[in-house]
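Should a chain be cited, it is by its letter among A, B, C and D, assigned in written order, with residues numbered from 1 in that chain.
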Amino acid sequence: MTAFERLREEVCEANRSLVGHGLVTLTWGNVSGISPDRDRIVIKPSGVEYEALTPDLMVVVDLDGRVVEGRLRPSTDTATHVALYRAFREIGGVTHTHSPYATMFAQARQEIPCLGTTHADHFAGPVPVARPLTAAEVEADYEGWSGRVIIERFAALDPAATPGVLLAGHAPFSWGPSPSASLRNAIALEAIARMAHGTLALGAPVPLEPFILAKHHERKHGDRAYYGQSRTR
Amino acid sequence: MTAFERLREEVCEANRSLVGHGLVTLTWGNVSGISPDRDRIVIKPSGVEYEALTPDLMVVVDLDGRVVEGRLRPSTDTATHVALYRAFREIGGVTHTHSPYATMFAQARQEIPCLGTTHADHFAGPVPVARPLTAAEVEADYEGWSGRVIIERFAALDPAATPGVLLAGHAPFSWGPSPSASLRNAIALEAIARMAHGTLALGAPVPLEPFILAKHHERKHGDRAYYGQSRTR
Amino acid sequence: MTAFERLREEVCEANRSLVGHGLVTLTWGNVSGISPDRDRIVIKPSGVEYEALTPDLMVVVDLDGRVVEGRLRPSTDTATHVALYRAFREIGGVTHTHSPYATMFAQARQEIPCLGTTHADHFAGPVPVARPLTAAEVEADYEGWSGRVIIERFAALDPAATPGVLLAGHAPFSWGPSPSASLRNAIALEAIARMAHGTLALGAPVPLEPFILAKHHERKHGDRAYYGQSRTR
Amino acid sequence: MTAFERLREEVCEANRSLVGHGLVTLTWGNVSGISPDRDRIVIKPSGVEYEALTPDLMVVVDLDGRVVEGRLRPSTDTATHVALYRAFREIGGVTHTHSPYATMFAQARQEIPCLGTTHADHFAGPVPVARPLTAAEVEADYEGWSGRVIIERFAALDPAATPGVLLAGHAPFSWGPSPSASLRNAIALEAIARMAHGTLALGAPVPLEPFILAKHHERKHGDRAYYGQSRTR
């Protein structure tokens, strides 16, 4: 199997597993991956149910978002995925869902504060919210601008340390070194959103101390990480 | 298989799938469909458990709600379904459930505000609440009046753009071009109710900007829709 | 199979199904049934996991709560079940769980208000709370007094129209004409507690109009009921 | 099979069952057990998915936390487990999870008040919160100090009567006479946290009367316990 065939399989499998992880309702979510030479993106076809997906139904687009392989239309969110791959050169996969709790924060247009070590294990600070689009941006190129406002929001942020974002009035996007890593970040994002939501309901939230935040992030992701087994990341 | 036999199967299957979608407890929900010539309605029998349903157990009624086929009593909500088919000539299926979050808004007698694009993808504005019935209406014809207050509420609304409603102190009804489309709208309605509920808990909700609401609804349902694959709707 | 063997099977099956209905954690729940001549009660053994239950493991006690058949100890809540069977002569089954939402209201020592027709279909008014026990009552006969305060609370209530109660600081009990009917009332009680909890979070709850409450209860349980299929109750 | 092989199996099985009990997301949880002579601790390997676990993949460490058997790295939380075994000589198993509701209280840095008998059946009082670590403690030995602040918090508490704790800004730890008993306490802790969270949302919580708290704890755990079947504990 070629590296590209494996990518198709990984993207297909990540999309199919969205359902079991409780991240999607109907067809509200999609995962993509980029080829090692970064000239081809594999993405879910639009509006197709997850259980019907097979690797050969995945759609292949180039870095202008044009379909280069596949009989079906790609996800309507393709232009947003493409924008992220162009701006964040270190990422290999992108996941977009309307998972309930992350979407509640996106709809409330509130960042998710870092209230605990679960959060710190995955995001090195609050999960940020991108600014709302203007009417002109929506009119001109809705999905493209959805990507551009994320990139704008990350002007002073490291996408490797903060592997996700909330689109105001919309829902989350997450990413990672591979399609399955972007999916794991989507799972973590939903779990920390849910726990932050319930913590806020208890009143008077205390932000996690910066030195514990740093400790947890580094023991898992730093140069001297000791979480998990030895491996290339 | 005739078109009518396929309708029986689709109605049966939609009813059976209510359980897996988490929309019903005990036997609190029912789906119906109308024949292409709009003279026969196929609906769930009353009080029968979902897993026991088969296509031939479905009850067939005419547009006066009289049973014309089937050994069992139709759903107690049949008169409400009939009223909707008579008033909304473009719909092909109706779903009624007591799904938890939509029912919370129905019990609170509050419309579900449009707070995000998930909502806009399915409803072109808030999910409306029909007015409560009077004592005289309940006494005279409870289920019929439940339909009439919905129709009254839609005097200035398009049932294709707003494919569902909340009955005050009761629960939601949704509809669509087919029984399975009405079921998908019931699934979407519950998901957006849940996310609105959790967004309101975060305080100070921001209604979705009208130009994004319109954009999302049109990219999915408009004349130049580009969500999903090419198909007749 | 004798009527008593069928009762053992029904009680065993109702206990086993508590898990699938999401009503129990660990072994926090039990269902019982009484023989037609009302001299023998079949109940779950204490502390045994649900999946290990078989009809012959059920414990049989008399109306003084003494074990008359079975190798295992009966549920610690047996004395409460017995008290209910002695006081409410029309009931055939009792279910006790610590289902989450009903228990939240029990812990808050708040009755569950009737906010919608789902509630009215099962309870002809609010779900009442029994008064807390005194230290002397706990010391003298904890489980017996748990039954007596329920009976005290029902001095002016009809247990057929209000088939359940909340014990202050504890959890719900429900009952019905049979063990499986008491289980269905436990399922309904948990669902209406959950929806009431979420409705109260939306603020300013509106009690269901008495004429709709009466209508819904009567169309399902009255002399001229038309919900479900013809049958003896 | 030797006692030590059975311990490996029990620890493996307890770790694997975390998923089905809804206590873990991704790999956020671990169970350990100690040998009868208290010189060897069996614990989950770090970052390995639960479904891939087998008894021989479990890691064995000594009471200084050094690996004495196994090819994989032990859980990053091993030093905390070790500290608990050294301080609490009566415990045989420890479970650590980031279960949602217990973690919400941990993040809010609020103890879980005893609001009902479900709580009293498992914890003889509020579930306590250990104090936050200082920057110096995090720097010096993060996981070791996580154990020491628990022990500090239990200076005047009996770990047998209060078999769990919340780490401020982190998550819960629970323990028991065996690995599976520590898991049951983790399940109970999550359930009582969820019910306390929902009870607090209803306002004006009433702490359980001390005489009922004592009664429930004693009927299950006291010298004259009558919950469950006769057995050695």
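Keep in mind that, in the parts below, contacts are C-beta pairs under 8 Å (C-beta built on N, C-alpha and C of every residue); 3 or more make two chains touch, one makes a residue touch a chain.
Quantities reported herein were computed from a predicted structural model and do not represent experimental measurements.
Look at where the CA atoms of chain A average out and do the same for chain B: the two points lie 33 Å apart.
Centre-to-centre, using mean CA coordinates, chain A is 46 Å away from chain C. Counting partner chains per residue, chain D has residues 201 touching two or more of them.
Taken pairwise by the contact criterion, the protein chains form one closed cycle in which every chain touches exactly two others. Going by the touch rule set out above, the chain pairs that meet are A-B, A-D, B-C, C-D.
Residue ranges of chain B in contact with chain C, taken from their complex: 25-26, 28, 45-48, 72-73, 76, 98, 100-101, 103-110, 132-133, 135, 138-139, 142, 169-171, 197, 200-201. Across the interface of their complex, chain C is touched by residues 115-118, 121, 184, 187-188, 191, 194-196, 198-199, 201-206, 208-209, 211-212, 215, 219, 226-230 of chain D.
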